[in-house]
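Letters A, B, C and D mark the chains as written, and numbering starts fresh at 1 in each.
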Amino acid sequence: MCRFLAYEGEPILIETLVTAPSHSLIHQSMHASEGKTETNGDGFGVGWYGERSTPGLYREVRPAWSDENLRSIAAQVRSRLFFAHVRAATGTPTSRANCHPFAQGRFLFMHNGQIGGWPRMRRRVEAMIPDALYAARTGTTDSEAIFLAALGRGLEHDPVAALYETFSEIAGMMGAEGITEALRFTATLTDGETLWAFRWSTDARPPSLYYKTMPGGLLLVSEPIDGVRGNWQSVPAGGTLVCRPGRELELLGAPECVRAA
Amino acid sequence: MCRFLAYEGEPILIETLVTAPSHSLIHQSMHASEGKTETNGDGFGVGWYGERSTPGLYREVRPAWSDENLRSIAAQVRSRLFFAHVRAATGTPTSRANCHPFAQGRFLFMHNGQIGGWPRMRRRVEAMIPDALYAARTGTTDSEAIFLAALGRGLEHDPVAALYETFSEIAGMMGAEGITEALRFTATLTDGETLWAFRWSTDARPPSLYYKTMPGGLLLVSEPIDGVRGNWQSVPAGGTLVCRPGRELELLGAPECVRAA
Amino acid sequence: MCRFLAYEGEPILIETLVTAPSHSLIHQSMHASEGKTETNGDGFGVGWYGERSTPGLYREVRPAWSDENLRSIAAQVRSRLFFAHVRAATGTPTSRANCHPFAQGRFLFMHNGQIGGWPRMRRRVEAMIPDALYAARTGTTDSEAIFLAALGRGLEHDPVAALYETFSEIAGMMGAEGITEALRFTATLTDGETLWAFRWSTDARPPSLYYKTMPGGLLLVSEPIDGVRGNWQSVPAGGTLVCRPGRELELLGAPECVRAA
Amino acid sequence: MCRFLAYEGEPILIETLVTAPSHSLIHQSMHASEGKTETNGDGFGVGWYGERSTPGLYREVRPAWSDENLRSIAAQVRSRLFFAHVRAATGTPTSRANCHPFAQGRFLFMHNGQIGGWPRMRRRVEAMIPDALYAARTGTTDSEAIFLAALGRGLEHDPVAALYETFSEIAGMMGAEGITEALRFTATLTDGETLWAFRWSTDARPPSLYYKTMPGGLLLVSEPIDGVRGNWQSVPAGGTLVCRPGRELELLGAPECVRAA
């Protein structure tokens, strides 16, 4: 169970959202309120878009709350689109390669959730990764495997369809394997322009996901960074949010095998 | 506010106390009960005596709860005398040199507490370190400075007197500087044979310190590692415990400028 | 191209061989003489047997030459059987999980060499790992994959046969894939009792491997730790050395698809 | 003996100079040509100016050559003024706080050289740091101490005079202490506008420092990053270079106690 934050809008310093607010992501790394685990100290990462089509990444194994580099980078880097993530590991080692977000070409992805029975499922899910992307598998998390598998199912052309296909294939394999734990997928994805957010699960408890439209931007968070839930809207269980710059925010309903709210 | 554990007695695997119990020190690194801070994720350390007169040290900047090396070392090293410490930083950086325990010659020292107004006091306390030991000042914590200062006040010959002289000098300088925060000193020290434990403070709130005599050993902890307070005795505020192998456990009363229970 | 050292014999402090000699492994981490790369600064590891049947492990991503923990552990731990390794990465990330030696049950393994065309071969070699061990695949090196694959081919019962079967299967797949780079396998393995050393390659250049029998022990090294080659015997190309405590050292000839000297 | 690089001019991506050239600073971290030590693997750092008056910092204890974060940050951050440094430690621990560059307010500083007999001199040099800056002393290097001492001698108003006063005071104390090793000070400093470079020593061997004026910029390096010495001019021993944007490059002669070329 992790905590994350995604922003798209007018270019702002990363610190404005990641380190400064009262209940900032860095604060949540030590004192999360809504997750199953209060402490998210098993590494962190930040990914951002600047003038390149590919994102920058800073990921580290230390807790976010004590990392001087994170504070400095967040104070200097201004971006129109960035992701930040603090990790609470669920069985896989603490290493940079296991920290979110994950970058591939111009895409950036991060995840809060889990593939139930991951040790038994891992091999099958890794088999879904196409050959051309297998070298990009540098860690051992379910999250990175889902991302790479979806890239092999057309994520570059239709991310929602590709991730849904990936989700339902994995859900099917979990069923076949007799795994009763849920597949939970609260995640965000971007190609550097459009921002997609997912709150899918095979049970009724997808990890929380809130959003707020601000003048000039959209903010997505695992839990409110101002500590005031009334300022935020919840992405409904099963829902998918699509933010295309210059277009209305779009909320898609739950695909078939995903439990709706 | 940190959590620690010290053991002297029949040689046992370090894991017996550090990683295995229900409320072990590693558990406390994420879920301490009695400290001001629940999370002690700013590095950790373990120091132990084997066949040498000088102790071994393993200190690392990651949280103890996710460190594979700590688990492996604790599972392999059997020792008759060891210290373990998980750190919650109070302003100083997370670095190996700032992790407890600290070793000097045959001595090992660890601390839970603080010198009030440390940024203003640091220079004066460092001035108390003798020239010959100044090169050993590799970190920036108040704890390491107290230890090195006491080594310059005769710690090798009379640890209780040397630490009390150091404590009262620092308390005096704090008063002269107009610092109203307390000087708190809950600590353990050993020369590889005798084990001393201190629970001193200039106010009525020295950090907690419990002990339990076991068949063949003495165990000192910041908070009970079995989660059952009734199994433990509290070192009284102002008290000093002296454990000499083969002798009765000795409890000394509070020195003058230390607040008694 | 890495550097390593393995010892079996009378219990000695690890530092006797790893940190103290003039051309010690720690020295070689910065100034190797015989490897293709002079610097082996991409992490290191030490594994040792004490009173348990399973080995202890300390692996870290920093260079060995500056690691205080390694110096301290090497100065304290006495062992009758230990491996130490300094790594020069060949494309895979620097992470603890990619550092040698690798432990599995009572076995310890380390490797200096490479599977030619690893990015293209990785998936196939990982497919050789049995299901029951797949969760133990925590890194991305060819070395760890070979070890786990061999465990699935009977390594516990006949290590030489299992590793040869693994070697020749991989060599076959490399040929089928049209890879012309060599498969090089200079490695040591132990079950905590017997020590096996391999110097196999599909070309004429297996990485160097020397040994020396000492009163009460056998020492295997990538390059002489005393800087004097005349004091050492070279394991012949294609050769396998078997050291069983209380028995004569045994040198096996080259298996079929391995190039002999 | 470290390697460094400083750039001021048209905003460019940091990678243009730090990671891309044939003999880039990252290359030099493993294969320096002109220093006493070929390997500079004891941590690294990069500092840069963006839209703030204070610089950003990324410093890490790993070798520069294997750090994914450095590559990513260098590929994304465009700056008109940046410093990069790879460290070869001379006795002090590898920690972030001991990595260059050092930042204080709007100033950035890095150093290649040494105070001879540092363990004996450290206390005296630290005594030169003003009270107000003592809390900023987070490491144990001579370099950081020189910087903080000079800040207490008017560095903000007249850097050359302040650093020369600091240099000659330290040289004097070294003489009084009977230290015969040299004081060597090859360094760069900036306030975010002007860039100063120093090549001072009390002996005839100040560490190398080269510069090149490019269309729209000035580049200072420990050794040529294109591997072609003819493309570069050497800052003469004892010399000080001053680069003020929009003004001619100025070369000052050697101050009194500094050995001239």
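Some points to look at:
Criterion: contacts are C-beta pairs under 8 Å (C-beta built on N, C-alpha and C of every residue); 3 or more make two chains touch, one makes a residue touch a chain.
Owing to the predicted nature of the structure, the values given are computational and were not obtained by experimental measurement.
In this structure subunit B contacts its sequence twin subunit D using mostly the same residue numbers, the overlap exceeding half. Inter-chain spacing, taken between the CA centroids of subunit A and subunit B, is 40 Å.
The set of subunit A residues that touch two or more partner chains comprises 68, 93, 96.
With chains as nodes and touching pairs as edges, the resulting graph is complete, every pair of chains being joined. The residues of subunit B lying in touch with subunit C in their complex are 48, 50-52, 55-60, 68-69, 72-73, 75-78, 96. Every residue of subunit B that touches subunit A in the complex is listed here, in rising order: 30, 38-39, 41-42, 61-63, 65-66, 68, 89, 93-94.
The touching residues of subunit A, when paired with subunit C in their complex, are 92-93, 95-97, 119, 122-123, 126, 131, 134-135, 137-138, 140.
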